[in-house]
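Here subunit A shows up in two complexes: once beside subunit B, once beside subunit C.
For the complex of A and B:
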């Protein structure tokens, strides 16, 4: 479904990604973790076409992504969220989803929009302005809703649980599980909450200073000495 | 005194309908591309001169000249859009310099083509008086194009809210990056905003020609008026543009009636400064956090 081959991203003299290589199968859910500044969001930006990699190749659904613009990648089936919610504030909650579906998926299907709103508990808020009256959880839900409305084959979630209190985080994590089961998506999840990663992701990839340092099951990865070192900074670990 | 006030408000209202057409074109482009098209007034003026040329050369009624003016202004607007698209760095700032330059070029093209003479329509009906309730006076053209202005602004509002292209334009205006990741092609939306802006500029230019006199240096002042209204309205608000245009129109006629006609042009600047000090987000503008 997705393959990265030797992908690097440099900002001037800073290497944000160094020769990152991994592949994902259809229907797989991958946790992407690493300390702050490890290059996780940069990797999302490269896959979604916000950034053009300095080197390397990306393939999606068997075809090279090349330098396709981000709006074309959305139409090819790559949906993503942002750490800080990015609603289209001049539109209502429902219109946000409608635009995403019409231009991302290339079709209009009100029932699917109703379903997404229901799944994300946004039905009661669908006609309000996206700029006002949404709690943080609802803003995060709208962020996921927009990405789902694109009808993606690959959904990339960038810290959608960040900033939420524990109970809300658990509930929202369950919502994400329902989303995955309902639509059978391939997912990449950036998340700092280890429990959420363990629950959602059978496979975890770890980045540190832009380098892929571990790739395996949660148990393998969380017991990996390099991963522990990357988080603790302890060279003796 | 009461009748004088009423007449000033009425004239200002009619002017407001026309101003709204001029300003909405600027506001749409500003909303989608975050650039101020300083050549917008010259596009309005170009439409006026095309109407003049059609009347002089072919005896066409200015209203019948609208399709020709639309082609000329539309192509010119797309050329401006194309040139803006060539800017690779700091588009918001560099587009100011570019569009200012285009405005100067257009003014000089108009000057060389039609000379510096003052032009106005020879179709008498436009300048004839329309009287309402025995006391309110205006020209037929003012009433006609007030109606056209309200209809076009209303039509644009409907288009923005009830069509996919309109929603896409609002999406890009709201958050360009998020809209792109939802599959919206921003280049197409931006080009569309220029085309709609050209339609509004064309009708308002022909209206200008029928209701007033035109001369090559007029464009700059039109851009300033449109900019004042856009700031007064607040970004992204079509009703705000209409209200802002009426406020400016009535403000100008009240100033001309009760102070001095020569101070009329100052009204817009006073309103502009007041709104910047008291409500920088405009009458209908929103504060956007974390965009």
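For the complex of A and C:
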């Protein structure tokens, strides 16, 4: 479904990603973790076309992504959220989903929008100004909703549970599981909460200073000495 | 559309198409002023469409006005085209000319505004230099006027009024239709959240380009109307900054984010200036207009129509929920450090 081959991203002299290589199968859910500044969001930006990689190749659904613009990648089936919610200003919650569906999926289907709103518990808020009328959990839900309205094959979630209280986080995590089951999506999840990662992701990739340092099951990576060192900074670990 | 809104619209159309000609049809000076105000309104609607939906502030609409005027006049004078189709061709010419300005779409904010201003000057220079076609600095004289259609002499003041009124209302209908479409939603959303729209598949640069072309077409037709109405054209006049400044002032005064704002702004601003301020202060009356515009920006930055809505005179905008604090995001959606 998705393959990255030697992908690097440099910002001037700073290497945000260094020769990252991994592949994902259709229907797989991958946890992407790493300390702050590890390059996780940069990797999302590269996959979704917000950034053009300095080097390397990306393939999606068997085709090279090349330098396709971010809006084209959405149309190819790559949906993403942002760490800080980015609602479309001046639009209601429902209108946000309508635009995403119309342009991303290339069709208009009110029933699918109703379903997404219901799944994300946003039905009561559908006519609210998306930029100013939502609580943080609802803003996060809208991020997921917009990405789903695109009708993606690959859904990339960037810390959608970040900043939420534990109980809310648990409930929202269950919602994400329902989303995955309902639409049979391939997912990449950036998340700092280890329990969430263990629950959602059978496979975890770890980045540190832009380098892929581990790739395996949650148990394997969380017991990997390099991963522990990357988080603790403890060279003796 | 509610019964009340339909009634108001019908009332407006009755006053505009019947009331004004009946009341002022014999007063050439007043009709000339109303026609001039509507000419400005036509450009103001086109400018507002680009500003509100395309998110682009243009200082160069004079370019499209001038190109439309020249194309239409030349098609009629040199190629024997009938005036009304030539006016549409004038709009098409302006739309094609707008393609030349598209590299400026890579620029944002004031940089776009200044770049497109430069294009207006380039078109003006071209009109002067290609004198064998355009008549050069001397311009074109005796441009044929409007024909008679269904017994209405469009070359008369009343006929010209009906024609420009119809053009302006048609442009408002286009503005309204685009604004209400999914395209309109995406265009409105693009201003403050371009990245958010792009990652869901909105080709924002393409949409801006389409709005630029549509806006240029509208302005070109208005320019063509003006050329056939006054029967004269020269580069200094056709590409004058007046065709940029007055429509912008009218659109901002009336409320460029509303469909009716540019029309109301043009009527109020131009007619007040010409009928009232000019009488009181024959020289320097534009100062009063400047003060009025400044006051409006301070009092109601969104313009006259939203102000009237707040006062309960016009239809209010859609209610939004109380504001909730949202975290601030950088361009790529990450938290600001």
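Simple rule for what comes next: the second predicted complex is superposed on the first by the 237 of 237 C-alpha atoms of A that agree within 3 Å, B and C clash if a C-alpha of one lies under 4 Å from a C-alpha of the other, contacts with A are read in each partner's own complex, and residues count from 1 in each chain.
One rule holds in what follows: a residue touches a chain if its C-beta (ideal position, glycine included) is under 8 Å from a C-beta of that chain, and two chains touch if they have at least 3 such contacts.
Source: prediction; values computed, not measured.
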{"item": "Fit-or-clash call for subunit B and subunit C when the two complexes are aligned on subunit A", "value": "clash"}
{"item": "Subunit B versus subunit C, judged by how many residues of subunit A each one touches", "value": "C"}
{"item": "Subunit B versus subunit C as contact partner of A:193, first or second or both or neither", "value": "neither"}
{"item": "Which of subunit B and subunit C A:89 touches, first, second, both or neither", "value": "both"}
{"item": "Contacts of A:158 with subunit B and subunit C, given as first, second, both or neither", "value": "second"}
{"item": "Touching partner for A:45 - first (subunit B), second (subunit C), both, neither", "value": "second"}
{"item": "Which superposed partner A:135 touches (first subunit B, second subunit C, both, neither)", "value": "second"}
{"item": "Which of subunit B and subunit C A:80 touches, first, second, both or neither", "value": "both"}
{"item": "On subunit A, positions contacted by subunit B and by subunit C", "value": "48, 50, 69-71, 74-75, 79-80, 82, 84-91, 95-96, 98-100, 102-106, 131, 146-147, 149-150"}
{"item": "Touching residues (chain side subunit A, partner subunit B) in the complex", "value": "48, 50, 69-71, 74-75, 79-80, 82, 84-91, 95-96, 98-100, 102-106, 131, 146-147, 149-150"}
{"item": "Complex interface listing, subunit A residues touching subunit C", "value": "41, 45, 48, 50-51, 69-72, 74-75, 79-80, 82-91, 95-96, 98-100, 102-106, 108, 128-129, 131-136, 139, 146-147, 149-150, 158, 163"}
{"item": "Contact set on subunit C toward subunit A in their complex", "value": "182, 185-186, 188-189, 191-193, 195-204, 320-324, 326-330, 332-335"}
{"item": "Touch list for subunit B against partner subunit A, complex", "value": "164, 167-168, 170-171, 173-175, 177-186, 236, 286, 288, 290-291"}
